[in-house]
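Here is the structure we will look at.
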Amino acid sequence: MARYILKRLIQSIPVVFGITVLSFAIMKFAPGDPLANFIDPTISMEDIEASRAALGLNDPWYVQYAGWLSEVARGNLGYTYAGNHSIRALIAQRFPNTIILTLSAFVLSFAVGVPIGVMGAIRKNTRTDYGLTVFSLVGVSIPSFFFGLLVIYLFSILLGVFPSGGMVNMRARYTGFARTLDIAHHLILPAIVLSLSNIATVSRFTRSNMVDVLKEDYIRTARAKGLRRKAIIYKHAFRNALIPVITIFGLSIPFLFSGAYITESIFNWPGMGSLGIQAIQDREYGIVMALNLITASLVLLGNLTADVLYAVADPRIRH
Amino acid sequence: MMQLFQRNSFYDLAQRRFVRNRLAIIGAVITAVFVFIAIFAPILTPYGPSEFFFAEDGVTYNRYAPPSSDHWLGTDSLGRDVLTRVFYGARVTIVVAFSAVLISTIVGTIVGLVAGFFGGIIDSILMRIVDVVISFPVLFLLISISTILEPSLWIVVFAIGFVRWTNTARLVRGEVLRIKQLDFISAARGCGSPSPKIIIRHIIPNVLAPVMVQITIGTAQAVLMEASLSFLGVGIQQPTPSWGNMLIDAQRSLVLREMPWIWIPPGTVTLLLVLGIYFLGDGLRDAFDPKQ
Amino acid sequence: MKDVLRVENLTVEFKTEEGTFTAIEGVSFRLGEQRTLAIVGESGSGKSVTSLAIMQLLAENGRVTAGDIVLDGEHLLQLPPEQIQHRILGQQISMIFQEPMTALNPILTVGDQITEVLFEHQDISKRDARARAIDVLREVGIPSPEKRIKQYPHELSGGMRQRVMIAMGLVAQPKVMIADEPTTALDVTIEAQILDLLDTLKREFKTSILFVTHDLNVVADIADDVIVMYAGEIVERGSVLDVFEKPKHPYTRGLLEAMPTLSGTTGDLPTIPGVVPSIATRPAGCRFHNRCAFVHDRCRSESPAVHRVDEQDVRCHLFDPAITRESE
């Protein structure tokens, strides 16, 4: 087990390297000086020139890359062009909000998607199954921004039951538990919008796994043993069908971060996504790159976790 | 290609199953309708996509006009006909999606074939590159590429193609590895066939079915990606109409609240087209599923 | 002698895209207490369908359309499905399958898969169930069963897995155990061990065995009685001694002639020409007529009845007493 995790860690080293190269390459393509925004804003003009030389802005790209990488490794993500704010501080401020949103959507995806998939599989080729299949297909087909607008139109404008955006009620200034409730109230719509297509993906995947597993020989064995239907479905079939669903854990992470860009900007959710959209409009490439790097690393970490979970869940890999 | 379909009884059987699948037929019809609209947009509407209409006073633009006999779906924030822009938007959407998928399929298939067939160090390098690309959330990568290279239609095509090829590459590689195990390939090698011949003769026909499924799914996803990019303002730029950029206005509370004709139609057609393509893809998948 | 299992006139149909087909027709046999009855036939003969029909494990598109299955006095086809599940399967009749690789659940421990049979059908404490599982594993010849019950199927060899399957089948001490080609997937040496084991266990557990196989060598090894199936029908039935000594049906004779023996495997084995017709292409008249060396006109049009000859039953016109008398 420990060896397996170690092997996966070693395998991901070149991927981490690749992620930094690609991040750097995109930044390099951007108009302007990729390293200019690393210079400490508090120093004088002469010092900036010295600093430029020290940072090696006239060096070939691979030297620049190495310099950039060592800065990033030390946690320096640079400064914004406008106002010279620390990018690290900006992101740190937004990071928890995005995590709250994506994590809620993540939980929702599996809490809703898995039961839907199981229901479809055990009622295969019935009206329920067809209904759920069409729902799933609509779920993956609807553009999330359109769904977001529809949801705001329906629940905020027509029914007025949920706020149309933001994370807290600015006027009420709740504290303590009331604040938590307020955030939850603001969270519901964006979390639904962000999770919808993931729910659909999870349910489709669960259904097809479950259908395959129900055809397995050991299910026939379980029936021959005279086990009741519930035991066959949940103990024998479901647990086997769930193992491959773990791979979707890993895949969901980049998917949800992507979705957060759109969802956050529609709902004015103060997270990394809306920061990224703002950064693009303001041409703050430093922020865009930092976000790329951070999310790609999180995705890698998520995939690693999924692989480990997979090994934990499946005795055939565990041993 | 047609010959292959006729000769092979597997494809015969696949076709029969496909016809039986009603959702797939619906999907095919929806897709065909949109392709038709895209091709014949200039005939279907008397207006141009960027034509401005004046209000009755003849001075100001006829902005935000509700649906009428002149403008079936009303006009937008600049006084342009919404229905006309939906029709022309179909052109942009379909051109972008098809071109992007064409690029990603060609690149993905070549990478997959090379990685799977040669294996070893070439395979390791190519697969690590795939790992890197899929580690980036698709939209982040799209946005980065599209912004930095100054958004335009072909940049959008390139960006979507760039993030999409990995799926096809993995699929083709897996399929090649599976087929390599089979006896008839070893047999062909035993007779001394050179490797490109082996690839063409045996592997391509075998990977065709899953790649075709991948193409339909990829097209649907490309439509969504283009719409999302354009909605975020980093895709297709005004005045070119795209279903995504037609929804930008709906982020304004007044439009969202009072003028559903501006944002409901482009959103709905996007949903319909993607749904249609997915229905088609599902039908293809069922038809080719050897397990059934 | 008392019959534990009696099957009368069993008929099974399958619905497919191309129409409805009769998989087995008029299958009747009796299984005596602590006896082993072998059903032998090539693939497509309907032997597996017969055993699955008894277990009510037919695929969704399969249905028993006629007949009676009596297990220890109970008419199984008349019981509601919950009763079958709760009282009969696993408890009074069990089944082991061909592929021990796939027939065991990969993510449950051996112990779990054995004890769940007990928990389902009996009121038993965890500790007792565990003790019973260890006992039965020891009975089926698995060394250090205390350790094995914590292991997963993939940690065991093929032979060991089949022993686990047998343990699972026997743990509730059923009256009948159906073994569907249980040794086909195993090496020859392991096969002999498993057959020996089944024979021993049959006596120890006072169980009857319905043994489904395509291999006549195995039949000779293990069975008391045998029925030979061809294209969905029983063509010959009798004790193993009788059938092997004096086979009556041309098909049985062909099978026995084609059987490789340890003593005489030199030269080409005579084989029956042709293959078993598929479920959709069964010929009219006698289903075997187009492969039969003794075919005559009547075989092509009229299906033969079952005739009693010596101690055997044979479905063949050659043994029609009316004709036999004529020719005398």
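The letters A, B and C name the chains in turn, as written, and every chain counts its residues from 1.
Note that in this section a residue touches a chain if its C-beta (ideal position, glycine included) is under 8 Å from a C-beta of that chain, and two chains touch if they have at least 3 such contacts.
Since the model is a prediction, treat every value here as computed from it, not as a measurement.
With contact taken as defined at the outset, there is no chain that touches chain A as well as chain C. Using the mean of the Cα atoms as each chain's centre, the chain most removed from chain B is C. For this pair, chain A with chain C, the centres built from the Cα atoms lie 54 Å apart.
Taking the mean of the C-alpha atoms as each chain's centre, chain B and chain C sit 54 Å apart.
A separation of 23 Å divides the Cα centre of chain A from that of chain B.
Across the assembly, chain A contributes no residue that touches 2 or more other chains. Within the complex formed with chain C, the residues of chain A that make contact are 216-218, 220-229, 231, 235-236, 239-240, 243, 313-316, 319. Put simply, chain A touches chain B in their complex at residues 12, 14-15, 18-19, 21-22, 26, 29-31, 134, 137-138, 140-146, 149-150, 152-153, 157, 164, 212, 254-255, 257-259, 261-262, 265-266, 276-277, 280-281, 283, 285, 288-289, 291-292, 295-296, 299-300, 303.
For chain C in complex with chain A, the touching residues are 55, 57, 84-91, 94-95, 97, 99, 102-108, 116-117, 120-121, 152, 154-155, 165, 168. Note for the complex: chain B touches chain A at residues 23, 128-129, 131-141, 143-145, 147-149, 220, 224, 227-228, 231-234, 244, 247, 250-251, 253, 256-257, 260, 263, 267-268, 270-271, 274-275, 278-279, 282, 291.
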